[in-house]
Amino acid sequence: MKKILNNPVDYVDEMLAGLTAAHPEFYRLAGETGRVVARAAPGKPGKVGIVTGGGSGHLPVFTGYVGAGLLDACAIGDVFASPSAEQMADAIRAADQGAGVIRLYGNYGGDIMNFDMAGELVEFDDIRCTTVILADDVASAPPAEAAKRRGVAGMVYAFKIAGAAAEAGHDLDEVTRIAQKAADACRSVGAALSPCTVPQAGKPTFQIGEDEMEMGMGIHGEPGVWRGKLRAADAIAGEMMDRLLADMPLASGDRVSIMVNSLGATPPEELYILYRIVKARLDAEGATTVMPLVGRYATSMEMTGVSFTLCKLDAELETYLTAPCDCAFWSVA
Amino acid sequence: MKKILNNPVDYVDEMLAGLTAAHPEFYRLAGETGRVVARAAPGKPGKVGIVTGGGSGHLPVFTGYVGAGLLDACAIGDVFASPSAEQMADAIRAADQGAGVIRLYGNYGGDIMNFDMAGELVEFDDIRCTTVILADDVASAPPAEAAKRRGVAGMVYAFKIAGAAAEAGHDLDEVTRIAQKAADACRSVGAALSPCTVPQAGKPTFQIGEDEMEMGMGIHGEPGVWRGKLRAADAIAGEMMDRLLADMPLASGDRVSIMVNSLGATPPEELYILYRIVKARLDAEGATTVMPLVGRYATSMEMTGVSFTLCKLDAELETYLTAPCDCAFWSVA
Amino acid sequence: MSLTVVELRSAIARLSEAMEREFDALNAADGALGDGDLGVTLKRGMRAISELSPGLPEDLGQALLACAQAFTKTSGSSYGTLMATGLMSMAKVLRGRTEVEASEVSTLIAGARDAMQARGKADLGGKTVLDSLDAMARATAGLTDSKAVAEAAATGAARAQAEMKGRIATIGRARIFGEKTIGMDDPGMLAMTAIAAAIAGT
Amino acid sequence: MSLTVVELRSAIARLSEAMEREFDALNAADGALGDGDLGVTLKRGMRAISELSPGLPEDLGQALLACAQAFTKTSGSSYGTLMATGLMSMAKVLRGRTEVEASEVSTLIAGARDAMQARGKADLGGKTVLDSLDAMARATAGLTDSKAVAEAAATGAARAQAEMKGRIATIGRARIFGEKTIGMDDPGMLAMTAIAAAIAGT
């Protein structure tokens, strides 16, 4: 994989400089650390703040989803590395509108420790924080150890739903309840065909044969459930749907949203080829598909591969999922 | 490059099946050929129709831009191959609301012959057609032979501006004039780092060293102006801006839009790293940047690389560029 | 000495057989200077025409129009569109007639050449199929025997291809290869040589 | 026998020197089981602390708090956060004091271990830095001579690392490598062995 960059050490800071220069109507840098992006137009006073954070290299995740009806602020780490507790504390401060802040992020050890410590740091600012952790990757641990699962693209649904609930004016506990419900409603699985390169590491995150794929691989190249010959699109889509539905069975009449997401290099043409099978499978289950998301919502730079995320909806979740939102990467009218 | 597909022969038809299944609110298949996508909700009677067509493998170009304030219909060829005259004729018929149709497409021999022939075919349906051809790639021919230049991402600006002008209710000649003005206002240049694979060919469109890039390469792998060692992002951005500004100099006070476009695999992180330099350069020229477009607007599947498109605006073009539009890949509120 | 739909049908049979045979060679030639689909275009087009062949009407105009449409339906590539254009120009001339004299063939080819030139906006001498047709039209001028016409067309096409081989391609995808095209056959001329030979049955 | 900011400063000097030296080894060890940044985390952290060193206050609580913050500012990786957590727990105990007895060190290490365990929610025996600290706390218990304490801590850390080598990693990024981790040193334990050795000056 070839990358267009300057000094690898500057990759993230230069990316943020360009992002904020391109979209001043959406994003501004906040805090002293230079690694916090907040809404250009802060949420209204008294609105519950939604903050996230994590490593860079996943655009639109995390930073991109700062915007109306979505996140209030985001702490940005180096590529695939957690931001520091200081940076997270800055993000929490930027997100707070006096009604407290939800820390909504993925299940990674470093991120958890830092967000916990950041919470202790902002206690001195009298900011009340709650936590909702995404652990939606079914390939990363069996149902019995669901709490150990990695957080992946399900985050996008949680950002959207929590953001809309906060916009609706609920208090911290209520928005936290809804955010947790959204997180619990998501299941994801990924399949990787080729790796990406972390700028400062300078070499691919993993090695794989020219004719191979790996089912269940994590977004940072974490080992998956099997590696073998690259299969046909319909077979890949079928197995991924099997894995999701085995973990979260659907009943006829259920309403769901599904995300068919590119890890980066895989083009939309191929996502739509997969979507035929995904939709047919959901129809066969008797489920109604609401607002399918096909595109690049949570990536790993130039990684080749896809992930599917199934989000089971109830009336409340559907209302907030379909509510308006606006950022440089996604807008719902 | 690895691709997720079934039988290569079905790549385009399966893509269209998935696209229309995912976004029935935007797209529907029209005509008998199965290769025409039209708006789900046709433009209002008496509106000038905007039709385009070209090879597949460039999403969102061409098909993706069918939508309100954009295109009315699109004829879809195999990957990197022109649609047939029959398919184009079907697209023209689907686009016509009784006020005539503009054929707005890129400067490729096959496409031109087929759109001309399609125009002759629909004469029998008494549909009046005009033609506006994009030839914005400055690297494909010197200014003296500007008419021989290939049409690339500038098309997106032309679609947007022509679409808004048609929506505003002007007649065929007026919308054609505005579309031609938009086409003439665009200059593009690309740089490629790695090729893509045409499904039915099964091999990369070109060979290139692991440490090489090619400046000015076309979106189908057409030879560029130089091939050499991969340069730093700032150097690449600087040279590309030099090439655009040499071809279309700016004066202090000019208003422009700029597109920093990924050819597919290059991630948004890297587009933003490039945008820093692009914006600084435009500022240095004394130009005002309006609605910069940073993302994947015109691609070549999984090709690694970028293109810049500079669109010089006057009051009229700016009005239509910033007018509302809505499709699955782009919406302006 | 006159030709009817009977001769057209047997020519179609020989042509489609030839295009199956030349499939790889034509794709390869076009692959070297373009997108490698020329064999596909001609094979698909001739297959469609073969299917129509038994049912082709006596009216040569109607018959050739059907052949032209077979190309516009099966291909969006330049050559298919040019073939359709050329066939359509012949169809217009022969509309309502069931017979055509061998002596008229030269004029028909010239008409096709002109229609295709109008369609593709390329000049003669540009190293394209137009140069093949131009040579074929000239080679067949004044001949009245159908066998002689067919053979003259075939040798004319072959000669033109050989003459142009040393030139630089100026049209279509080949253009961008510039100097590299010197010494390489133009795929479209190669195809027309094969077509003319197949019609002549040589 | 008591320790002051003077001893702290000389320990910092030895530690930062050691972390520069171990930079590649620690990155490599973490690269095999994680993201390869452990050397970066410790080198950056110790550099920041060295810069603070001359200006560190007499108050050991304040001094250690400053050291803790150096880690939270320079790294978001687990180990940096855990180091900050451990140092902060010691800082709380020593707040307002300018001296600490060697005999208190065992309790301070145990306190750090517990605070880090609370932070990382990992169990003892999980093959992490917690096991190093646990061994160090036990090895130093009851000792009163500062040199003896330092050496006991170093040997304790080394022993724990050796004991755990054969286990399966259950925590952090290493967890996903499962069986593969048997026979491999835990990077964080490796780092703590180097840290303890540097402090002891052995």
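The letters A, B, C and D name the chains in turn, as written, and every chain counts its residues from 1.
Going forward, a residue touches a chain if its C-beta (ideal position, glycine included) is under 8 Å from a C-beta of that chain, and two chains touch if they have at least 3 such contacts.
What you see is a predicted model; the values in this text were computed from it and never measured.
Among the remaining chains, none touches chain A as well as chain D. The most distant chain from chain A, with centres taken as the mean of CA atoms, is C.
For the pair chain A and chain C, the distance between mean C-alpha positions equals 57 Å.
Each chain gets one centre point, the mean of its Cα atoms, and the points for chain C and chain D are 82 Å apart.
For the pair chain A and chain B, the distance between C-alpha centroids works out to 30 Å. Mean C-alpha positions place chain B and chain C at a centre distance of 33 Å.
Residues of chain C in contact with at least two other chains: none. With chains as nodes and touching pairs as edges, the resulting graph is an open line. Shown are all chain pairs that touch, namely A-B, A-D, B-C.
Those residues of chain A lying in contact with chain D across their complex are 77-78, 80-87, 109-110, 112-114, 116-117, 140, 148, 201, 218, 220, 222-223. Of all residues in chain B, only 1-6, 11, 14-19, 21-22, 56-57, 59-60, 64, 193-194, 210, 213, 230, 232-234, 236, 260, 264-276, 279, 292, 294-296, 299, 301-302, 304, 306, 326, 329, 331, 333 touch chain A in the complex they form.
Within the complex formed with chain A, the residues of chain D that make contact are 35-37, 69, 72-78, 80-82, 84-85, 119-121, 171-173, 175-177.
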